[in-house]
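Chain naming follows the written order as A, B, C, D, E and F, and within any one chain the residues start at number 1.
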Amino acid sequence: MYYEAVHGSTVSWATKPYAEINSIGERSGSVLFVPIGSIEQHGHHLPVSTDTLLVDAVTSAAAEQADAEGIPALVTPTLWSGFSPHHMPFGGTITLSHDDLLDTIEDVADSALEVGFDTLCLVNGHGGNAALVSCAVSTIGDDHPDVEVIGTTYFDLAAPFVDDVRESERGGMVHGGEFETSLMLHLYPELVDQERLEAEPLVEPYDHGLKDMFDGGPLTVYREFDEYSETGAIGEPELATAAKGEQLFENLCDELVTIARQTQS
Amino acid sequence: MYYEAVHGSTVSWATKPYAEINSIGERSGSVLFVPIGSIEQHGHHLPVSTDTLLVDAVTSAAAEQADAEGIPALVTPTLWSGFSPHHMPFGGTITLSHDDLLDTIEDVADSALEVGFDTLCLVNGHGGNAALVSCAVSTIGDDHPDVEVIGTTYFDLAAPFVDDVRESERGGMVHGGEFETSLMLHLYPELVDQERLEAEPLVEPYDHGLKDMFDGGPLTVYREFDEYSETGAIGEPELATAAKGEQLFENLCDELVTIARQTQS
Amino acid sequence: MYYEAVHGSTVSWATKPYAEINSIGERSGSVLFVPIGSIEQHGHHLPVSTDTLLVDAVTSAAAEQADAEGIPALVTPTLWSGFSPHHMPFGGTITLSHDDLLDTIEDVADSALEVGFDTLCLVNGHGGNAALVSCAVSTIGDDHPDVEVIGTTYFDLAAPFVDDVRESERGGMVHGGEFETSLMLHLYPELVDQERLEAEPLVEPYDHGLKDMFDGGPLTVYREFDEYSETGAIGEPELATAAKGEQLFENLCDELVTIARQTQS
Amino acid sequence: MYYEAVHGSTVSWATKPYAEINSIGERSGSVLFVPIGSIEQHGHHLPVSTDTLLVDAVTSAAAEQADAEGIPALVTPTLWSGFSPHHMPFGGTITLSHDDLLDTIEDVADSALEVGFDTLCLVNGHGGNAALVSCAVSTIGDDHPDVEVIGTTYFDLAAPFVDDVRESERGGMVHGGEFETSLMLHLYPELVDQERLEAEPLVEPYDHGLKDMFDGGPLTVYREFDEYSETGAIGEPELATAAKGEQLFENLCDELVTIARQTQS
Amino acid sequence: MYYEAVHGSTVSWATKPYAEINSIGERSGSVLFVPIGSIEQHGHHLPVSTDTLLVDAVTSAAAEQADAEGIPALVTPTLWSGFSPHHMPFGGTITLSHDDLLDTIEDVADSALEVGFDTLCLVNGHGGNAALVSCAVSTIGDDHPDVEVIGTTYFDLAAPFVDDVRESERGGMVHGGEFETSLMLHLYPELVDQERLEAEPLVEPYDHGLKDMFDGGPLTVYREFDEYSETGAIGEPELATAAKGEQLFENLCDELVTIARQTQS
Amino acid sequence: MYYEAVHGSTVSWATKPYAEINSIGERSGSVLFVPIGSIEQHGHHLPVSTDTLLVDAVTSAAAEQADAEGIPALVTPTLWSGFSPHHMPFGGTITLSHDDLLDTIEDVADSALEVGFDTLCLVNGHGGNAALVSCAVSTIGDDHPDVEVIGTTYFDLAAPFVDDVRESERGGMVHGGEFETSLMLHLYPELVDQERLEAEPLVEPYDHGLKDMFDGGPLTVYREFDEYSETGAIGEPELATAAKGEQLFENLCDELVTIARQTQS
């Protein structure tokens, strides 16, 4: 089921009547967050909606904190289907085409911005969406010259502090590895199958290719995920803990709130 | 936040690892439900996600019941943005263009059906999507000749039994009226503002036009909703009760389960 | 050949010089009808243009009657190619894709409405187009806020009076059955092969599926027509008569004229 | 009204049941003609469907003659809406966008060719469509490597013999001039307003630009027609006669039949 | 490498800073040339960029001459990928789809014209692009009513004087024949493989089909080039000389300059 | 003019006859480079084609070196029009839309890869294209599962060694700054206006935003360039020297050759 009761939440677009949404959007400095996730295989230990759940949780928590500080903020529901053709060989994946996902994000922006928000912040939760979301920032920004249009992939915000908790080597945080599994253990432990914390190490032949979530490299390589991994996961999920997840989660929210604050000047 | 813990649910695509999804989709007689909602103004007493919440709830409950009867069934997350340009004047509405919503539904079907489902059932929750979802049944059906592709707008299933609970005159169940408000009072009472159960009567000049959710008429008329209503709602929400909603909800699930059963022969 | 001389007709867009068209469109209360048909197999006894011929005839007759009553009215040529992928297995069918048919209708509206019509009425003649034409009403209506945009599938207008002539059971009026064959016998008897009035009964497994042209049901099912029928026709054409066709035709025109009248207020 | 009874015609796709169409298309050497016209202003003396009427008549007559010679031939209904943005300022014009007309022609080809025709011949009747129809020959030909795909603009076939009847100077046959008006006087005299045979001479500043229907020049110039003409027509319609039209018509048919014959080797 | 130093050239958009471009475009009578070429097989003796090299050279030389006469003129870089699906069987060919090439030309026009040019002149260098470029003149012209939009296929300008140098029979100037090879020998002799001046005669069964670059005929025929030729070239390249090329080149430039001059009135 | 004679170059697709191209593409380990540039304002001291010239030069030199090492390599002409809507306010810019540039790259890949290359390497030269080129790697990779599809933005390869030459502070290498101007002074000094080495410092309010070409930050911000700079350039071009450019150029080529080598295993 879609809905989790969020009594008292001030930031969910979906659960308000329209007049409340309008009154927030019309305030000076208003910020609209649009989380963008994915439904794709995440190995045997994580649900396919991992990216959607995490980006939704981080964005909502940050928006609530921003709102508590007096920044008028709302969060749309999360776009749960991303761009994941490279995960299709495993099954369990629902992907939009590149063009359709971009069009969808643009449509959401076009209609939501009519309410009067000053800033639109796209928050992406899936590596395969990252370039597309950057493109969306440009196409939406070009179409809405009076709106501040920005975007980020939430886990990129963790670079400055991830080493505080990290135990894995480079390659341990990739897809369903130490990073994502820790966040899931903190937020949705009942959805993590702790008896199947299985993943493979990343083998990437190019010196300039991606070596880790936090060591991207200047070379983009397209490869279907079954060439990388039998389980579908890459990294070291067995090093994940809920405590690490909690610390990462709080830090991630702080970074996103910092961005929200800097839209106010 | 996106996720409501549904411990023990057997039908949520989103909360499973991929291998479980595959094993359900590969079973003989497997049925995939795709709920399609909307985020649009629903007057002052209902949240903008009313259509999304209702179609999600009805579909999930029916799929769980089908699953309990041994029909292999899954439900994707609900497509929460529909086709609602006629609600834009009120604000609070997030609409996709016709083409982009159709493309999105087709993409979801194309990738989800790779898992091997025998039947795809689109379940729509918004009047403005009804024709588009019928079109999607055709375009997807044409592209997937080996899959049984069907679709319905869930509240149309209520025609045979709605009079059992109905107190309003014709026109009392339109947009945020007795029908939808009753379902919301049953399912999400905390999201209904019972102090603002305001709506206007339907004034439709054409004899052949729509007179009620359950009296559609052969003539389609396009009109922005602010020509119909000042509040955004049309009908008699003040006649709504949670008890009516409960009865409607159970009957609706039964009808959808009947359809699921008839896919098995 | 395309053209039938219609000396004295006041409603054919095609056969007038432009200045006459403009002077009609500019009048207060002007109505433009756009008939939308199909070229698709209709069994062995009917020509493939049956839907096109019927919708063209009904619309033209109604528009002439409206014009005679003082309503400024014109009819564009009939869009003769519809959305009929489900008839392709039989041959003889020319179908547009969903997107291209919708785009075409929108283009026709965009350019024709520049003349200044107050109302656009799409009149559809093919079941497979019905949802698409409803969509077109919305997309065109959204693009032309100053025009009244309406649409109907002409045979839906017959529901109130079809039983006056009907002899067949439910299922006798489906595709090339008693209804369409009667109209053809009235209008174009030389195109009906009365020695091959062959069709099959409708077998539809879903309780909620379509049972007859006049018993649609809330469930849309996609099925290629060769799964339903060997001849391509469904229903009871052998019960058709020209007399029934004449009565239906007159009643259908009356209904369409009623709609035209109600655009005037 | 759409239909002119063509008793005994062997070449009209529209008026046959599907099985007859299939049996023609499956024969060796079968040729399918697709006429493409326009609805656009043609001055005060000619109806807006002039291009549609003429290309339909020429193609049908040629196809009948080919059929009489034993060449299996059919003609689809004429695509009556062309690409005519340059005529929009006058009103009375219904134009498709470039992309939508091209897509429509491709769709018609894709579905009609499934019947098994060996040759597809697009026959265009409007100058503004000429380049687009050439493009369509290429895109359809590329998609259908087993079909001979050809195309022509019918009046270009008249170059070798037009001087036999011509009385006007260069510039007298342009848009609604001596050529088209003569054909209309022969075929549809009741649609020609002989009291308003008004047109303007062609004033084209470029030496390399078009000077006449039969003196095209290597330079394409885009200009809305109201920059050329107040009436909308260009040329010398007052020199038109039905006798000229008859001779042109017969010669045009002969040329098209010659093309049909040369597809047989 | 892309760039040839053109010290002192006044007409290359690419090698100027933006402010110089703007100051030219803003002058009264300014003309922007956009050359459109192709990368496609041209037999064994010519490079695949032949069409691109020739149209670029002719256009640049003409624009320089126009500039020298005081006409404010610029040339964009040449669009080097055209529409050449019919050359794909040979390899070495890079083609855009029809729609993508048209969209690209429109985008180039849309952004370049913002600078303020009074005239846009598309100059095409490939037969397979000719119809598409005519279409582009129309679509761009329709979108830019305040700009004079014209277009030509440069070799069509040679019709009046080609016989001055021509030695081949009809069919000797087709694809990599006497005409193109002469121009290449004049402009880029080091790119001509004079030991492989091989080509085949044109065999075109239709009387109305193309017989030579300068005898086009009213019938368009789609055929992959390997049905015409084993080498990929058609015509008589062995008759080509640099002297002929020089004379053709100068005459072609003169014609294009004439067009530029006639935009000034 | 388009062409610079590159006698003896072994890697230019454009200047070869088709059979040579095919024989390279068919070899084991063959690599096709596609450079993607831009035409956009680069301040007063640099030509608008700066990005195109640089990416073309780096890619060609690297491919020649790879070829010299025995790696079968070719380079297509550079796609000279990128995605630069944010530079439009200055003039001098020619941009494609996002969708059209992506489609163009896909078309180039689709046709060029038919020759048989084992690896496709997109090399981008413009920051505004970077995300789009990453997307293209994915869409092309998904469509060509048997080809290794990779991509990079060439200046990202300089991160490890740029500090060897760098004199500017963070923010000195942005748009037309020390980095690009040095490369231009090395490669095309005649196109650099050394009397107008003007640029502004980067002022970026977000902590997470881009601070320099080599300090990107996790936040994407859309802003038209005239909000950043009056001249159009950002950084410290006055610190540029040809010697720095030469060293950077050689190192960049080495990095790209390293990538080419790693495709061979």
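In the analysis below, contacts are C-beta pairs under 8 Å (C-beta built on N, C-alpha and C of every residue); 3 or more make two chains touch, one makes a residue touch a chain.
The model shown is predicted, which means the values in this text are computed figures rather than measured ones.
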item	value
For subunit D, the least number of touch steps when starting out from subunit A	3
Numbering shared by both copies at the subunit F-subunit E contact, with half separating same from different	same
Comparison of A-B and D-E (more C-beta pairs in contact)	A-B
Mean-CA-position distance for subunit F and subunit B (Å)	49
Rounded Å distance between subunit A and subunit F, as computed from the means of their C-alpha atoms	29
Between subunit B and subunit E, centroid-to-centroid distance (C-alpha), Å	57
Subunit F, residues touching no fewer than two other chains	99
Contact graph of the chains (line, ring, star, complete, other)	ring
Ring order of chains, beginning at subunit A and proceeding to subunit B	A, B, C, D, E, F
Residue numbers on subunit A that touch subunit B, as the complex places them	1-7, 9, 12-22, 25, 39, 41-49, 52-53, 56-57, 60, 76-78, 80-81, 88, 90-97, 99-100, 103-104, 107-108, 111-112, 114-115, 188, 190-191, 193, 196, 232
Partner subunit C, residues of subunit B touching it in the complex	83, 85-86, 98-99, 102, 128, 130-135, 137-142, 145, 148-153, 156-157, 159, 205-208, 218-224, 255, 258-259, 262, 265
